[in-house]
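Order of writing sets the chain letters: A, B and C. Residues in each chain are counted from 1.
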């Protein structure tokens, strides 16, 4: 039974990190209908900036972490300004391809730095003995990660529900024409959406970087892992990303916890998300919480 | 005015090149070699220092005139871990007339195996996959295969375990690279290696291994042999040390001792796992730079001569690249000393004659490099290292796994 | 038909049938014939290194795959981020035969044209299956469905022992009228083989676009409800667009398997799907010439960048990082710059050049 609870806890921990990674993705999609393939690279960039500030500039991590979030905020904003602003109104395929091109460009830029092909790890700043309750344990890094995740998600929810800017972002996602007519600057909202996505990606990158160490491959793979999460949750729902992230984390943990090693199966945790993804796409394509805009032909 | 001076400079440049070209071709012969590897893309954290090792050593050979007036010209190409590009590079090297080829990944070595056969080109890859040698006459592993390494770790466990049959789990990369040694280790167990393989875990992009570790512990597993790359091992070690599961001494009861093959270890692991890497056991045939030895001195001096940073200089992949270049240089030197013409045929012969008195000790490995017609594995000896105080330290003396021979 | 058979200034059609002609003027036909002739005879006059021959063959294989991608993404407007997986299906069809029969079985070495066709049909079957979600999904969701097919394909190959867990499954040398194709003839032989396939496929696709099935694709892309109202069946159209794309991809995969004499998963990853898309975009989505120009441009760029980065690595010692970063940087920049400044791709330049000739001596 202990094992079961451990799987649940681990699943929630991993899932909330997925949720945070997926959040940035949803933020961009929600306001500007752009599928950002380069999200993994932004996550990696966030992690590297945090490391560079912490170790090379020697800033304590509780300052450098928010600093890198701010820096990535502006990085993502300028990415939108330079690459995507010109493509407003172009067909979807062009926009997807631009983010693919962006992915390559960011790859190239990261290879210019030592992070492209070297490994690093954050200096430990939390106690290494995990929090253990009745045989179920979580490490401090993961715990802090979960706390940051939920704080950020709470903050974003508040931001979208209450603040003027957040409401205007929601308005744009509902109807661009109408928002423009009441004086909301749509391009500015797009820029902001990218910027907030960058902010959340940097947070995700910082947390993942603390858990796995800094390896470019491992980090940018999270850009692909978020796809099943955001589809399951619905591409345009923040709540969806959170719930789906946690479901995905649980499914992965249970799959590898109970299936692997039996009946000659192994590595099922890797593929489970994609099987769920396929099922969801076939039967409920708008996801759990997405807006129903699918049609039959 | 500006245009005129431009033309002046251009003609000067042309004149200089015209002058230097024939001079170069007069001074000694040039032997062409080729290396295709992943400097960017997947596994570039290993490929990058590897390429530096190769490049620096050949520069060293040319600068210090080890081959007299003759020079080695080794073209290094980035294939981004893409087999199709590796093949393209290989074809290019062949048309350039290379006499020796250095390859990199397991995938591309297997993909090009037939081409090596047909071209009769001796090849040393950076992959120690045992399957490279099946049906092949021209592939030479620089050091003991992953399978031998895993078996070596198994033997060490059996020898040092106290009380009963040791229970072992394997933590592997989800690919043929990771799965390769599993079967061979199972064969060794069947052939009488007294241990039990309880579970084989294929890792994904895991953020949390707590459940997996607890499962292994509940099954009584005391040893985990890893065959993968550093990043997943680092994550696992962090979780394990957080949970206090890492054995402080080898085979401590109720805890888990973590061990790994060549690509799981090295300074990259310590860079990723930090303090959690303590007490991780690692086996390879290469020396480490933090323990004084002639090879370590040579490596550090080489890296210093060509202005490499600390990280590259102390990387075991830099050692790896350097050693491969040493072997290539050595066969050319020997063929030259024997008065043979340097071709792929003579180098292949020299490489196969590298045994007995003619065994080669490059200094960067813990044992001599030996090849023969039947033995295409270079260094058969392995050395066990353990992380203590943030560095890898030798445990015991170099050894040769006995079961590796038995299961052949 | 205008009175001058060689140069027709402007359009002069008296029936819709005339508008659908493949060649508008004799100049068109002559130029095409000359181009084909050149493509077939140049190897007799120019000897090329194996490396470049391999690159050329590789471009031709990519042309077939991109033709397929252009059908589904360019003409039918259905985004596919899993095209490399379809190519992989074709290659792994050949590999399965090699695995079951042994890599030099007579079926593989003698009946290879048949096997290439079978691989194409396997591609078509999988294309149709993956196309099924297209009945309900649109735009982004479909893109993600194809992406997940790519992921599941990779995992399956990696996991199954039958497919050698993604490691290379070798394929034997084929036999032709003159006996076994030796290593020295290999690339030139496959150059001709692939060229013949391309000529067939090219004319087939060109002709398809003249038929009602082809026009159906475009109609469904532009407005599927309108297409429905006009009596077309958008669902069926989408599925067969995927099937056709799968067929061409399967053929390309089989040719890839024979050309490289082996099949490994590393040649059919997400990265390759992205490259195919890049080729289609740079060439020009929804155009046939684009399917030829795109692969050519991307592969030539790759070679040139390799050369440049080698030069940079050799001459600027501080620039090793720069040299390695050049490739992803240039690839990304080319995609982005094309999308920003020439979204209709290189095919648009071709179109402009053609219309210039067509209107000559007048300027528009």
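Everything below uses one rule, namely that contacts are C-beta pairs under 8 Å (C-beta built on N, C-alpha and C of every residue); 3 or more make two chains touch, one makes a residue touch a chain.
These figures come from a predicted structure and were not determined experimentally.
From subunit C, which chain is the farthest off, judged by mean CA positions?
The chain lying farthest from subunit C is B.
Where are there more C-beta contacts: A-B or B-C?
A-B
For subunit A and subunit C, what's the span in angstrom between their mean Cα positions?
Between these chains, centre-to-centre, one finds 34 Å.
Can you give the whole-Å distance between the Cα centres of subunit B and subunit C?
So the centroids are 38 Å from each other.
Considering subunit B alone, which of its residues make contact with at least two other chains?
Within subunit B, residues 39-40, 44, 48, 174 contact more than one other chain.
Hey, what residues on subunit A touch two or more of the other chains?
In subunit A, the residues touching two or more other chains are 107, 111, 114, 116-117, 266-267, 270.
Hey, what residues on subunit C touch two or more of the other chains?
Residue numbers touching two or more other chains: 159, 324-325, 327-328.
What residues of subunit A sit close enough to touch subunit C in their complex?
Touch residues, subunit A against subunit C: 29, 33, 35, 83, 86-87, 90, 92-94, 96-98, 100-109, 111-114, 116-117, 224, 227-228, 231, 235, 266-267, 270-271, 274-275, 277-278, 281-282, 285-286, 294-297.
Please give the residue numbers of subunit C that touch subunit B in the complex, ascending.
Contact set of subunit C toward subunit B: 49-51, 53-55, 58, 158-159, 164-168, 170, 183, 260-262, 264, 266-267, 271, 306, 309-310, 324-325, 327-328.
Flag every residue of subunit C that touches subunit A in the complex, lowest number first.
Against subunit A, the touching part of subunit C is residues 73, 77, 79, 81, 133, 135-141, 143-145, 147-149, 151-152, 155, 159, 224, 228, 234-235, 238, 270, 274, 277-278, 281, 285, 321-322, 324-336, 339-340, 343.
Which of the residues in subunit B come into contact with subunit C in the complex?
On the subunit B side, the touching residues are 39-40, 44, 48, 75, 77-78, 80-84, 87-89, 91-92, 94-95, 106-108, 110-111, 113-115, 118-119, 131, 174-176, 179.
Any idea which subunit A residues touch subunit B in the complex?
Touch residues, subunit A against subunit B: 2-3, 6-7, 9-10, 13-14, 17, 107, 111, 114, 116-124, 128-130, 137-142, 208, 211-218, 221-222, 225, 252-253, 256-257, 260-261, 266-267, 269-270.
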